[in-house]
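Common to both upcoming complexes is subunit A, partnered first by subunit B, then by subunit C.
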Partner chain A sequence: MTAVKKYPVLAALVLGALFMVLPFAVVLMNAVKSPDEYSSDGPLSLPDGLHLDGITTFWERVDFGEKLWNSVLISGSVALLAVVLSVFSAYAIGIGRIKGRPWVLAFFVLANMLPQEALVYPVYYLSKEAGLYDTRLSVIIVFTVIQSAFGTYLLASVLSGFPREVIEAARIDGATKWQVLWRVVVPVSRPTIGVLMVLFFIWTWNEFLLPLVMLVSDDVQTVSVALGVLQGQRDMDATMTNAAALLGVLPALAFFLVFQRTLTRGIAVGAVK
Partner chain B sequence: MLKARRRARLLAAALAGILSMSTLAACGDDAGGGGDGKTLRLWHYEAPESAMGKAWNEAIAEFKKKNPDVKVEFEAKGFEQIQKTAPQVLNSDEAPDLLEYNKGNATTGQLSKQGLLTDLSTVAKERGWDKAIPPTVAVTSRYNKGVMGSGPWYGVPNYAEYTLVYYNKDLFAEHGVEVPTTVDELEQALATFKEAGLTPFANGGAEYVAQQYVYQLALSQADRSWVESFQMKGATDFSDAAWTYAAETFADWVDKGYIAKSSSGVKAEDAGVSFMQGKHPLFFSGSWWFGRFGTEIKKFDWDTFMWPGSKMTLGSGGNLWVVPEGAKNKELAYDFIDITMQKGIQNTLGNAGGVPVAADPSGITDARSKKLIEQFDSLAGNDGLAFYPDWPANGFYDSLTSEVQKLITQSAEPADVLKALQAEYDENVLK
Partner chain C sequence: MAAVLTKTATDAGGSPPGPRRRPARAGRPRSEGSYALYLLPGALAFLVVIVVPFLMNTGISFTEWSGVGTPEFTGLDNYEKLLGDEDFWESFRHSLAMVVAMAVLPTALGLVLATALFDVVAKHAGARWASVLRACFYLPQVLPIAVAGIVWSWILAPENGSLNDLLGALGLDGLQQDWLGDPDWALYSVMAVMVWVQIGFPLVIFMSGLQRLDPALHEAAELDGAGWWRRLWHITLPQLRPEIAVVLLWCTIAALKVFGMVYVLTGGGPGGSTNVPSYFAYQNFFENFQAGYGAAISTVLTILIMVLAVVALRLQTKAEDET
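Up next, the complex of A and B:
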């Protein structure tokens, strides 16, 4: 490629990257400002110095370590359980080719499209009846089901394109259905499963409405719910909100960076096929 | 934005479902009683450094001193969280003994109607809260079948709020402007600042700020019976002298540049920040800014005055302490409310920039705060609190915001705006 062709693309990419990074830069800038500085110079001015009070005060005020642990526990369990559930049902639908397959899949898509607002009341009522209201377990169960609906849909379509010869060869060698799943299907689909797990983790991490409704007590709340504590009725503490937002995205960002290779590999695998 | 609206509407629908169902569930539940009198579970959503936050922290300390064997479990909540989840929480075993809750028909009114809140009438009388709180402030404490104004007490406010003009003393001195005492003087002041190249008023058209200017303008031409008719009786004529003056004056001020045409999309927070940055010499808004201005404005000196030539202004009692019907330790909750009503705590609230309902003015040391509280006492004593313009009708807040925006962008004539408001009001008014 010649330089003439290269530069416009590069410029466009740089511009795009700038737009993506800008909001984070603003958050970062305001997170380290003092409230006085914010009030007198506005949100877009550069901070005069490093003012970390917002971050430390917020950390102590909501006991952020506890919230972090709750979020990790919930998101991690959901990611793991939802992937296992998705693999089982996708195996039945995609490879087992059960009857009425399109209908089952359509049902899963529909369940996935249901707005969470519609789920709020039934989920609240059922968990209260079951004695699970205000427990982390209730949120884990709900999100495992929600995420695995999407996971089943995606994995089932991936698995329906799974080379049948490989499965038949395994069957001829005497493998049971269980062994086919764990020894053949899962290892081959690992990249896709990895991507699903990362996505489930990040999605669950960012969930707000259902955790807000279901997790009432401070000691079971997640990070995204804790961020809401700063929003008053008429006023907001802008610098502390920014500090909190920074603390809120960092773990998900770190998780993404760690598993970034899994993600790109999974996407690339799909592309080659 | 559109999507967010749809989501909000869906959420509202879902919550409405919850509300109606939880009423049914409430009948079956046998809540209350069985408390051990050893723990007080308490929720509120005020920031720790706000006036209420400071006063209530002190109240908690006081409560602990008086009840050394009682454990206080305080949890700081977000406004949104209480707003969205209160009906579910109060209908479960997780209900706290005492919480701060938003005043109004759609919130405290709704919950009281569903039997989720304790009727506090007897306790209020026994402990003298009904005497300490002026009648205009108590309007938001009493709900008759869910409608505020009369009936049993369901909540106790510790503070009140009202609107006033904040002004930048340095800019006033620089341009040789005196504090206006009449509307004419105010208009002259606005003209002076405009000539000097300043936009006199900080304004936020996207939220409550702009509609409060308009309502204040109308109030300056109105009397108490006008307010009662508009707020309580569900009848107002938007083509009357007061409303016409309000819409036309507001439009005129936009035209003259006293209020920026670009402020139609500005949020309340940004309007307040622009005043704190010293960009505008004047800002008309609520006493809820007072504490924050006091701590965060360092660049210039500021003070307040009441809207010139008006006997009434916007305002009401603040948010309420409510006791859930399912609370396990109601007596402790009453004891706590009682502590927050005492002079000491009320004075702390006042000295920190809040408007206490039952303070002792001699105990307020800060000069600006003293004035704030004295102004309020005279307003409350003269029936001068006219509530907020969006209270009388469902969804009227959005109608007011969008119609007043049209005045700011000059996309509609005042008469058309008033006509549109009349239609919205008549259709949605609560009777």
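Up next, the complex of A and C:
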């Protein structure tokens, strides 16, 4: 590649990347404007100063702290429980090599791809019957199972390459299957388990349809649902919309910066491996 | 199940018959239970949360039901109604538009971007630049769809929206539109937003795929005077075929499931001009109280996705066997 051609390509890529992050910049710029400034100067001017009233007003109006806590509680519980469930199932499939293994595995993969539209109404109905409707627990249970479908599939294929000698050695030394799982398999698989926990946390954080249907009361809603519902009702003015966008973007941005490598690695492993 | 439970007995056969092995009790039937026991929690959970609801949904699709009282069995009536329902067909045509916006365009753009990042940026400007740029393109993928929707609905707003203001500032007032409120433009606006959302996924997959290719082929072609585009088309593309197939199918499945963005940006409107099957089913479930009809829509959608999923899985196992 000659130097003449190299710079246009680089410039085009940088422009493209700027276009991708431009919406974030515009949101940040306008979230710190006062309503007067916004209506007189429009969305494209640089802010005069730091005006945080819009954000604090929005925070208090939707009780954003509570929404954040709900999201953390739900996503955290799902990440933990779904990993445990995945480890159990994957242990049986990948290490135990139970009979009908390919079929069991195919079942988990298909379950993972099933559109939630085909589950949402019965889940809604059953949770009402069970008295779990409009509770965070219902969403935790449902997503623990949905996410563990992917986890089982990924972990089982990783574990099927686990060195048999290690397990045999532990078994001959008298370790039970339970001990082999927790003292040998889990510690060795920690990197994969870590990737799974991060993915489950972020996926659950971003989920929309099922939490929208299941969580109707204000005090149990997640960040995604609360913001989506507000936007869907179309009763926010420009400054509020901006504050909402900024507060919604920030946690995602934080996860992204912290977990960037885990995420991109995990996505690549999950899709092609 | 019984067949599964006996499997463990043969497991021990895999170990070499060492000289100092304790005299194995026939087949070593331990009292601790078999590996299949570890599948039990997962199997039960899947039964309750996935299998039973899925079968119920299929059952509901053969009934007329408002969600309360007893469903009335009506056979295939809902499916017959679907065939003649213009709104249903329109929602599926919009699904095709979503496939273009979320599978076709991101795959094509992702390929060009990934090779450019890999070839040009990583080699001439450093790997750090490549990973920063990749991160920029990937960022929308981690954003909750509801939040991305808020950001874009505000940018695309007719009054004081950033896009219209920008066009005004450039003296292009004639191009200003009510991007999401005009039935002629709404679908294209939603599509553009979905390209923005989706592009990071193929990019990341292709960049990791490029790492496994043999650079010697590329260098040979370069020495022979093949230009960048020709090398992309004749060398990179054929070698990345497994990744491309998987990405296209995964993205197509995601495109058929689109719900959140439509809910937040347009609510299916104006006048149904951006409605998609998933949102159409939601409307029937929770707004029109026609659970039977909603279930029929989601069943059709499920069948379509499952067929694609099986194809995707076959391709994937094939790709794995080849590597």
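As a working rule, the second predicted complex is superposed on the first by the 210 of 273 C-alpha atoms of A that agree within 3 Å, B and C clash if a C-alpha of one lies under 4 Å from a C-alpha of the other, contacts with A are read in each partner's own complex, and residues count from 1 in each chain.
Keep this in mind: a contact is a pair of C-beta atoms (placed from the backbone, for glycine too) under 8 Å apart; a residue touches a chain by one contact, two chains touch by 3 or more.
Keep in mind that this is a model prediction, so the values were computed, not measured.
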**Request:** For A:V14, select first, second, both or neither according to whether it touches subunit B, subunit C, the two together, or no partner.
**Result:** second
**Item:** Which superposed partner A:R61 touches (first subunit B, second subunit C, both, neither)
**Value:** first
**Prompt:** With the two structures laid over each other on chain A, which partner does A:P35 touch: subunit B (first), subunit C (second), both, or neither?
**Reply:** first
**Message:** Quick check for you: in the superposed arrangement, does A:A238 touch first (subunit B), second (subunit C), both or neither?
**Reply:** both
**Asked** More residues of subunit A are touched by which partner: subunit B or subunit C?
**Response** C
**Request:** State whether A:G76 touches subunit B only (first), subunit C only (second), both chains, or neither.
**Result:** neither
**Request:** Identify the partner contact of A:S217: answer first if only subunit B is touched, second if only subunit C is, both if each is, neither if none is.
**Result:** first
**Request:** Could you tell me if A:Y133 is touching subunit B, subunit C, both of them or neither one (first, second, both, neither)?
**Result:** first
**Asked** What is the shared patch of subunit A, the residues that subunit B and subunit C both contact?
**Response** 38-39, 42, 115, 117-118, 120-121, 124-125, 209, 212-213, 225, 228, 231-232, 238
**In the complex with subunit B, residue positions of subunit A that touch it** = 35-36, 38-42, 61-62, 115, 117-118, 120-121, 124-125, 128, 133-134, 209, 212-213, 216-218, 225, 228-238
**Request:** Spell out the part of subunit A that touches subunit C in their complex, as residue ranges.
**Result:** 1, 5-6, 9-10, 12-14, 16-18, 20-21, 23-24, 26-27, 38-39, 42-44, 85-86, 88-89, 91-93, 95-100, 104, 106-111, 113-126, 141-142, 144-146, 148-149, 152, 164, 168, 171-172, 176-178, 181, 202, 205-206, 208-209, 212-213, 223-225, 227-228, 231-232, 238, 241-242, 244-245, 248-249, 252-253, 255-256, 260, 263-264, 267-268, 271-273
**Message:** Residue numbers of subunit C touching subunit A in their complex, please.
**Reply:** 3-4, 7-8, 11-12, 14-15, 21, 30, 32-39, 41-43, 45-46, 48-50, 52-54, 56-57, 60, 67, 113, 116-117, 119-121, 123-125, 132-140, 142-147, 149-155, 157, 160-162, 165-166, 169, 196, 199, 201, 204-205, 208-209, 228, 242-243, 246-247, 250, 253, 256-257, 259-260, 263-264, 267, 277-278, 281-282, 285-286, 291, 294-295, 297-299, 301-302, 305-306, 309-310, 313, 316, 319-320
**Prompt:** Given the complex with subunit A, which residues does subunit B contribute to the contact?
**Reply:** 7, 10-11, 13-15, 17-18, 21, 25, 45-48, 50, 75-81, 84-85, 88-89, 92-94, 102, 268-269, 272-273, 276-278, 286, 288-289, 292, 295-299, 319
